[in-house]
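Below: a set of structures, written as structure tokens.
First chain A sits with chain B, and in the next complex the same chain sits with chain C.
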Partner chain A sequence: MLNKKKVSRIFLFLVLGIFVFYYITPLYVMIVTSLKTMNEIREGNLFSLPNSINFESWKIAWSGRGEGTSDVFLKPYFFNSLKIAIPALIISTFLGALNGYALTKWKFKGANLIFLLFLFGTFIPYQAILLPMARTLGFLGISNSPFGLILVHTVYGLGFTTLFFRNYYVSISDEIIKAAKVDGAGFFKIFFKILLPVSLPILVVAVIFQFTQIWNDFLFGVTFSFGENAPLQVALNNMVLTSASVKYYNVDMAAAIMAALPTLIIYVLAGNYFIKGLTAGSVKG
Partner chain B sequence: MYWLKKNLPKIVVAPSFAVVLWFVYGFIGWTFYISLTKSKLLPNYEFWGIHQYVRLWQMPRWHIAVENLFIFTTLFIILCILIGVILSIFLDQKIRSEGVIKTIYLYPMALSFIVTGTAWKWILNPTMGIEKFAHQIGFENFQFDWLVTPGMSIYTIVIAGVWQSSGFIMAIFLAGLRSVDDEVIKAAKVDGASTFSIYTKIVLPMMRPVFMSAIVILVHLSIKSYDLVIALTAGGPGISSDMPAVFMTKMAFGRSEVGLASASAIMMFATVSAIIVPYLYSELRREQDAK
Partner chain C sequence: MATLKINNLEKRFKQTEVLKGINLNVEEGDFLVLLGPSGCGKSTLLNTIAGLEESSLGEILIDNNIVNDMDPSERDIAFVFQSYALYPAMSVKENIIFGLKQRKISKEKIDQSLSKIAELLKITELLDRKPAQLSGGQRQRVAMGRALVREPKIFLFDEPLSNLDAKLRIEMRREIKKLHKNLKTTMVYVTHDQTEAMSLGTKIAIMNNGKIEQFDTPKNIYNKPSSVFVADFVGSPSMNFIKGSLTSNNKLISFLPNNASENDVINFTHNNELQNNSSVLFGIRPEHIFLKKTHAARVTKDENFAEIEVKAELHEYIGHEQIITFSYLGQEILGKFSSSIDVKIDNKMTVFIDLNNISVFDKDTKQRI
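Moving on to the complex of A and B:
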């Protein structure tokens, strides 16, 4: 006999299951397509499995078809993105930690206003700063170079990192800091000896958030760089949009998975930190 | 020495603050000024009043972009919140495999919009995608060519956008549900209320701030949406799925209409501000009240 409770339980799992299917399907389609040959793609359909596991398209997406072809492939751009992301995230995280610390544990007049201005800055649509930024990078002689994009990502990441650390340090008791101050410890000593050692959780959140933002950025990349200096997402888009007569959907899908792999791996390994960053980064307060 | 020691916190914050003042507020000011000039390919600092705004609002292309933004934002918000609320409530019913399910619901957030667009472009491909699959399993007249149909391509952006962001909205609601006091629910159960009415009459109304946050996040995401449009439809076919963010970059870097592009950027900025300023104000008030 099915009672009411059981029926509603089945309904519950049915709905949850349908959505599992909805979210997972595009990933499944990407993976199977990337493993098929073009013939298999033409003959089969989106969901059909490949006849054999074939990593040829992955090789082509990563390092091209060899000498003499003008295809875009991801390898150089993958390293471009790393070269931009790592320095930018280190600088913006470090400065964000110092700012968050100074704004909460050494409250001075105007500290709240400064924080508010940082906070509002994280919401602006970047279209409102693209044109002056392009001119500034040109003026500094770093347009179309990794340095330009490092600067851009550092500047517009500062608001987020300051926000993370500020909200984290607010919850740390002032008593310890006061005691340290009485003992004669200075600004930097307190930061490095007392706060930094307990900052690991928020440090992980900030680093993951910044890495994901920079890695997945397209707007800044496509506006401030071109050709061989472009970051990965721009290269992926160029690859897919190629006007070549034959479209290699398998190579496109392999490239898309590769471009997503670093952030996906971080998500799988550190999902909680990942979500915390997203939540704190958009639900301020 | 004493002065230095006393002012060290300010000195530490000063460079970052100067950077934000210059690169955020200074730049917005510059963009605003340029929007009041005749600038074409190069900035021209001669004042021209609000002519660029008049031109902007007379352009059919801008109207298409704004209409698309309206369609996209409305559907994006409704669908994401609907999915988010339903899934979070269902997941809150002591599901054993909650962790795994949540991981699957949320992974699209780790993907860039370019990757998301690339994947959905292939799935929605009018000849090779879903349509072909339907034909092969027997629905021979099935047609699904929204991606290349003017007036319909904007909905493909909704499909991909909802897929990418709805899991995140679910996570926000789930966190909100977990913060509701269990006692409230228990008391209502004792009074004989059904699970459905407990949620619709008691729990969801208590989560008004979560709804607010979710709407602000979604509006903000949709006004900024650029990458997804570029990867999925590139604003096409023609200009039928243009959005303000795409319009702005096309005018600025494709058409050398720097003044007009600035005017459109300021329109975007004003819209975001109109939503964010009251929101931040109320959030800060809540923080103050909590103290």
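Moving on to the complex of A and C:
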């Protein structure tokens, strides 16, 4: 009996180990390669450790070689992405929370239909809204500007954030809202003073989800911006594809890691809350 | 202190009528209990009084002012909810003074009211805690404190004790009663627990299916139920209903149970002129049945009791008393007795019923006659 248990345990850890190995390998290769010199890459093996830790390629990926106009490096685009991601993140999360609150605690005629439409919005693929969005941005005169991309990400993300907050607030007792109404608090007072302070778990979920979506977006970025207004992921693509005759694998790898780093950091810092928030409704009941 | 008047109140959710013409008149200092089974509309009525739900028709008057179009906060009421509905992110203190802060009351006044209420409810040492750190009874106290601190015209309670365990419930019930005695504020209290209703209310409104069946003092509700529903709902075990027919001769009434011979007729007097009626329900409460003639003679007024032949069928011992199920001419009746008396099961015997405490209902209209 005990033996059988032991065997299945060993088998379980073996399978888990294989998966861990499978997922961690690309990251390992990226890090190792980014620390090597070009000579080492050409001569050596993909998995071998670098002879010496060398951050030269990271420096080049971040701030370039100083070789004039054709030189593409990440620094300015990194800030482009921040300029887009932070406002879009804040606006879409805030509006989503407000929507979720209104849809659950201030039920009005057609509230369910409107929620259904938001839900429907989450199923619309990126590609389907490219053309109408391009026309809209053109009409508003904000194509190829951070404002355009902020608008696109806010609108596209609103369905998701509304869904998150609506499902979270539905589990919070309506009697609390009634009590606040009797106490004389209005729509916004109840939202800011009573509901928002208990929304941390779902706030974290929405922030992580939205930040990841916006930061990692390539399609909207490449469609609605060009040149020096492009976000980081577009710049990364340009950098890797348009380098001159020689391919600098170490620089490419360093740049890719840099582009992925912010989302990685957010997951590490708030991942625990992310899991809690996703399961909050089911636990609270 | 305030009066509360409700005129022809109706409430519809789409097609379903939840309240069908409610009329109530609550005097200053009354403790009105809305009692009824779940789904009878009692909570909806309370929410409508509070202004948390809108009525479809009719008027609500507090101190003779129509409040239908006022926000809950403008009606000068306080509400204690079943789930307590404390604000989870705020401390006990912040919970209690939240309503006062909304009303822009001066800080000194708030502090004064807070310490008074905290002392009254013995929650002074809890003031800095969060609701999650409190026990059920403590949360209940805080919820009461939040209502009391505002010194409203009317208190509304929505089954405030139903989440507490049995012992605590009785304790809190007594405290609410004390509170009402001291404050003399008008209160409206919703419950489905008849003991709570009886012990707390100065007036009880029994609700069924969106209508008020009877609106009266607890004593009258218990002793003179106006309909079969009320008689059946109040009392545990509930009233026995013996099917039969009535013949009336002036104020002398004869009741003949179904399947009975002439010898089984029960004669009694009634204040009202009654008409002959071939189908009535003769109601007698289990505690108004006696096992011994001497006992019946001692307890009933003017020795006004009747003898009936029954067979004891079932015996339920519940500590201080026992409930015996009798078979009476093929109908089942329950009697409640002190457990000190021995009763032989499956024995034919004579029991005595108190004729001063009977209720007669028309079987078709279900109304008291």
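The rule we apply is simple: the second predicted complex is superposed on the first by the 260 of 285 C-alpha atoms of A that agree within 3 Å, B and C clash if a C-alpha of one lies under 4 Å from a C-alpha of the other, contacts with A are read in each partner's own complex, and residues count from 1 in each chain.
Definition applied: a residue touches a chain if its C-beta (ideal position, glycine included) is under 8 Å from a C-beta of that chain, and two chains touch if they have at least 3 such contacts.
Computed from a prediction, not measured in an experiment: that's the story for all the values here.
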Partner chain(s) touched by A:Gln127 [first = chain B, second = chain C, both, neither]: first
Chain B versus chain C as contact partner of A:Val198, first or second or both or neither: second
Winner by number of chain A residues touched, once chain B and chain C are compared: B
First (chain B), second (chain C), both or neither touched by A:Lys189: second
Touching partner for A:Ala180 - first (chain B), second (chain C), both, neither: second
Contacts of A:Gln210 with chain B and chain C, given as first, second, both or neither: neither
First (chain B), second (chain C), both or neither touched by A:Thr104: neither
Touching partner for A:Asn229 - first (chain B), second (chain C), both, neither: neither
Touch list for chain A against partner chain B, complex: 8, 12-13, 15-16, 19-20, 22-27, 29-30, 33, 41-42, 45-47, 95, 98-99, 102-103, 106, 108, 114, 116-121, 123-133, 135-136, 155-156, 158-159, 162, 186-187, 212, 215-219, 222-223, 233, 236-237, 240-241, 249, 252-253, 255-256, 259-260, 263-264, 266-268, 271, 274-275, 278-279, 282-285
In the complex, chain B residues that touch chain A: 5, 8-10, 12-13, 15-17, 19-21, 23-28, 30-31, 34, 43, 83, 86-87, 90-91, 93, 95, 101, 103-116, 118-123, 125, 128-130, 132-133, 136, 163, 167-168, 171-172, 175, 195, 213, 217, 220, 223-224, 226-227, 230-231, 234, 244-245, 248-249, 252-253, 258, 261-262, 264-266, 268-269, 272, 276-277, 280, 283-284, 286-287
Residues on chain C engaged by chain A in the complex (per definition of touch): 47, 50, 52, 71-73, 77-79, 81-90, 98-99, 102-103, 146, 150
Chain A - residues contacting chain C, complex: 173, 175-176, 178-185, 189, 193-194, 197-198
